[in-house]
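Below is one structure, written out as structure tokens; comments come after it.
All chains are identified by letter, namely A, B, C and D, in their written order; residue positions are counted from 1 within each chain.
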Amino acid sequence: MDKTVPDLAAAVAGIEDGMVLMVGGFGGSGAPIELIHALIDRFKATGSPKNLTVVNNNAGNGRIGIAAMIDAGMVAKIVCSFPRSADPRAFTEKYLAGEIGLELVPQGTLAERIRAGGAGIPAFYTPASFGTDVAKGKPVAEFDGKSYVQERWLKADAALIKAEMADTMGNLTYRKAARNFSPLMAAAAKLTIVQATNIVAPGEIDPEQVVTPGIFVNRVVEVAGAKQEEALMRDGVAYA
Amino acid sequence: MDKTVPDLAAAVAGIEDGMVLMVGGFGGSGAPIELIHALIDRFKATGSPKNLTVVNNNAGNGRIGIAAMIDAGMVAKIVCSFPRSADPRAFTEKYLAGEIGLELVPQGTLAERIRAGGAGIPAFYTPASFGTDVAKGKPVAEFDGKSYVQERWLKADAALIKAEMADTMGNLTYRKAARNFSPLMAAAAKLTIVQATNIVAPGEIDPEQVVTPGIFVNRVVEVAGAKQEEALMRDGVAYA
Amino acid sequence: MSQKLSNAQIAWRAAQDIADGAYVNLGIGFPEMVAKFQPPGRQAIFHTENGVLNFGEAPPAGEEDWDLINAGKKAITLKPGAAFFHHADSFGMVRGGHLDVAILGTYEVAENGDLANWSTGPKGVPAVGGAMDLVHGAKRVAVITDHVTKDGKPKLVKRCTLPLTGVGCVTRVYSSLAVIDIEGGRFVLREKLPSMSVEELQAVTGAELVLPDMIGDLIAPEV
Amino acid sequence: MSQKLSNAQIAWRAAQDIADGAYVNLGIGFPEMVAKFQPPGRQAIFHTENGVLNFGEAPPAGEEDWDLINAGKKAITLKPGAAFFHHADSFGMVRGGHLDVAILGTYEVAENGDLANWSTGPKGVPAVGGAMDLVHGAKRVAVITDHVTKDGKPKLVKRCTLPLTGVGCVTRVYSSLAVIDIEGGRFVLREKLPSMSVEELQAVTGAELVLPDMIGDLIAPEV
């Protein structure tokens, strides 16, 4: 029961063409930059994985992380709530050229769909988006006199997650607001891959402070000096 | 923004006849015995509250806690998954005599319905109970070739919750497995009343370790030497 | 109609209606300004969609922690009694009716409470964020807005023409000229600039104003 | 048919199929016994519905912490790497397919995979607990059971007569006489007591046994 892997390349093995890939983080907070860049490295070396569907709140910023995946040509479609950022060029250019797909999902619905995917709830009703263009084509129903939209669960073949602390069994904590979508995605993916700032032995994380139990985690790799998206942006880094 | 109240009587004020009352705990773990007994005290003194619908995983044990509420004649109906215990007489006798109602809900469905109540999800689908007597009369639907039962949210007028630590703004932690249903119930009730072993100033609970954020909590009362149901059972205590 | 409230004054006016201890979500951009104008002695608890309750002002430049941001991706600080939680719990708070107030910006708001604040039409890249969730569940959904567009057209309209964010969700509008409640599918005028007549206000409003017996003066300090 | 496995031996046999690192839920009562028989060198992680992963054996009498219990309300201990979580997250693990194995007791199990283990009929107080959730989601749902009732009637049947816990959910049965897979709506015999003929086994089984080329010997040590 040791889920640690030796390096980033081993961590991202098995992510293949056409997969649905969830990526944790909200903007740069919680973005697993090093895992993403390891996946880009593999693509550059082997031409795979491509045609990915990427699920994230956003659609990349600058020329790093998800934006660099888009620039590299690995992404067929983005599922997100807010495909804008300080520098959204990577997505915007391809979107306006019709070269990348977009499924726009209200943020709370996105979170709840992912949570439902992890929790075995195939569908649920939410008031969000009722009566709007975003709800077009979706079933609606009335409960207690109010109208709701039916939404389906969202699952992934793999998830890339950034944690603060991990034990070797995959129990995780997150740093401040960096948890955002990550605990949900860890549960909704078949293959959950975690970069942690610090890997410790089982028992070193207080069981009451575990945010993501190890049952949701498949691989853990230590990335001690993980880069923050905002810092890379200011340094003008372009990865693709 | 100080949610503390001076004593148990003040804590349980406003719980009235006919209300739906959620009570945290799984068996004795997390059972807010002192809040329940304060409510019984009020009933004995004033004849109210009665005709309560009580939501808990179980239906009381021995002659204390929820069982004592039943004995006292305060409970019209129990919503639970498992109305059995080491000593289930209080419920069993009234149930077999037709003097108390029972809505039997599979445990995971009970948890998810309460979670849905707190999270504004009026209905969801679960595989649990499909094709069984428990699902009779409930809508069913097929998703991706599998059949599911539609379940509705469950909300309460009030919830009684036992926490380990609370700050004066109502942020809570729980002790070990005593959290069970409590974070869900705290969110699903209009009036959430908490007994905490220890009340501290805002800032003394690490924001990453808050399990129930204060937004879900209305009142907090300190009960330093809270009794465990199992200890009271062994001492043969009868409260009603 | 030479006079109108500045954005800061609109935000100030909206802030006066936030009670001590209220849980509040302020939309990205202009609405964030409301936090600055909490009346003395009152402490609202601010919620941000990405999983923080009880955050405070931006840190000094250079002291940002980029794991500690708000929904607008701006660096924030914490106040004592803060809490972190994941996105599903965060939107559970929103949809579940736990917020006392959500204050949003808008392109258009209609007399039936419909709100259009996420899209100006089919061109460009659509982005909705949390707005479609925020308009449901908060006990009070208010908008703050200039009363008219830059071209002088009414933003308070009979029916929205832009894509909707939510149906029948707005209960109060704080504009640069007036405070208006939405009740029974109508705009009910509560306060207006004292320098302005009802007729002048009606002329720049896209739906009929219901006039109660008492209409207050909308007065904001220089802020 | 004088011979059969004891409950402990049935539990032992079920334990042999639990891989190292598997996440496992053991039903209340008899199935809890499976934990005792983990083969050396393997470590399963046990889940209990009330919100604990990776718990261990009962503490010595007098050292119980009644905030640390399992779904059967028995005191437990923690192993290193344990985690606590609330009930909705706990059943998210169950329904969401995150458990590798759930092992349950039963009154009846049918060749179509239907399970009846929660009610013996309309009299008395009904109680379902987590069973109706546990039968869905675990990658493998197995039952451990005596092959026949105390009256000698088959517990493995063509169709359940008692109220169902779940439809088509069981994939393997460990009985006192045999190991049987449920595949394509049929009982497929995998192992039987060597002392027993197929005909003898069929005679105490309520539905036809499919007989593959290879049928193993069901042998358990004295435990």
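Here is the rule we go by: contacts are C-beta pairs under 8 Å (C-beta built on N, C-alpha and C of every residue); 3 or more make two chains touch, one makes a residue touch a chain.
None of the values given here were measured: they were computed from a predicted structure.
By the document's definition of touch, common neighbours of subunit B and subunit D comprise A. Using CA-based centroids throughout, the chain positioned farthest away from subunit C is D. Averaging C-alpha coordinates per chain places the centre of subunit A 35 Å away from that of subunit B.
Between subunit C and subunit D, the centres computed from C-alpha atoms are 56 Å apart.
Shared contact sites, meaning residues of subunit D that touch two or more other chains, fall at 52, 84-85, 88, 91, 94-95, 136-137. Contact with two or more other chains is made by residues 112, 115, 119-121, 126-127, 174, 176, 207-208 of subunit A. If the chains shown are joined wherever they touch, the resulting network has some other arrangement, not a path, ring, star or complete graph. Every pair of chains in contact is given here: A-B, A-C, A-D, B-C, B-D.
Partner subunit C is touched in their complex by these residues of subunit B: 1, 115, 117-121, 167-169, 171, 187, 201-203, 207-208, 210, 213-216. Those residues of subunit D whose C-beta lies close enough to touch subunit B in the complex are 48-52, 64-69, 73, 84-88, 90-91, 94-95, 114, 119, 124-133, 136-137, 163-167. Contact residues on subunit B toward subunit D in their complex (touch as defined above): 26-30, 57, 81-86, 88, 91-92, 95-96, 102, 104-112, 114-115, 126-134, 147, 174-184, 211, 228-231. Across the interface of their complex, subunit A is touched by residues 20-21, 23, 43, 45, 47, 52-54, 78-85, 88-89, 91-99, 136-137 of subunit D. Of all the residues in subunit B, the ones that touch subunit A in their complex are 112, 116, 119-127, 141, 143-144, 146, 148, 152, 173-174, 176, 207-209.
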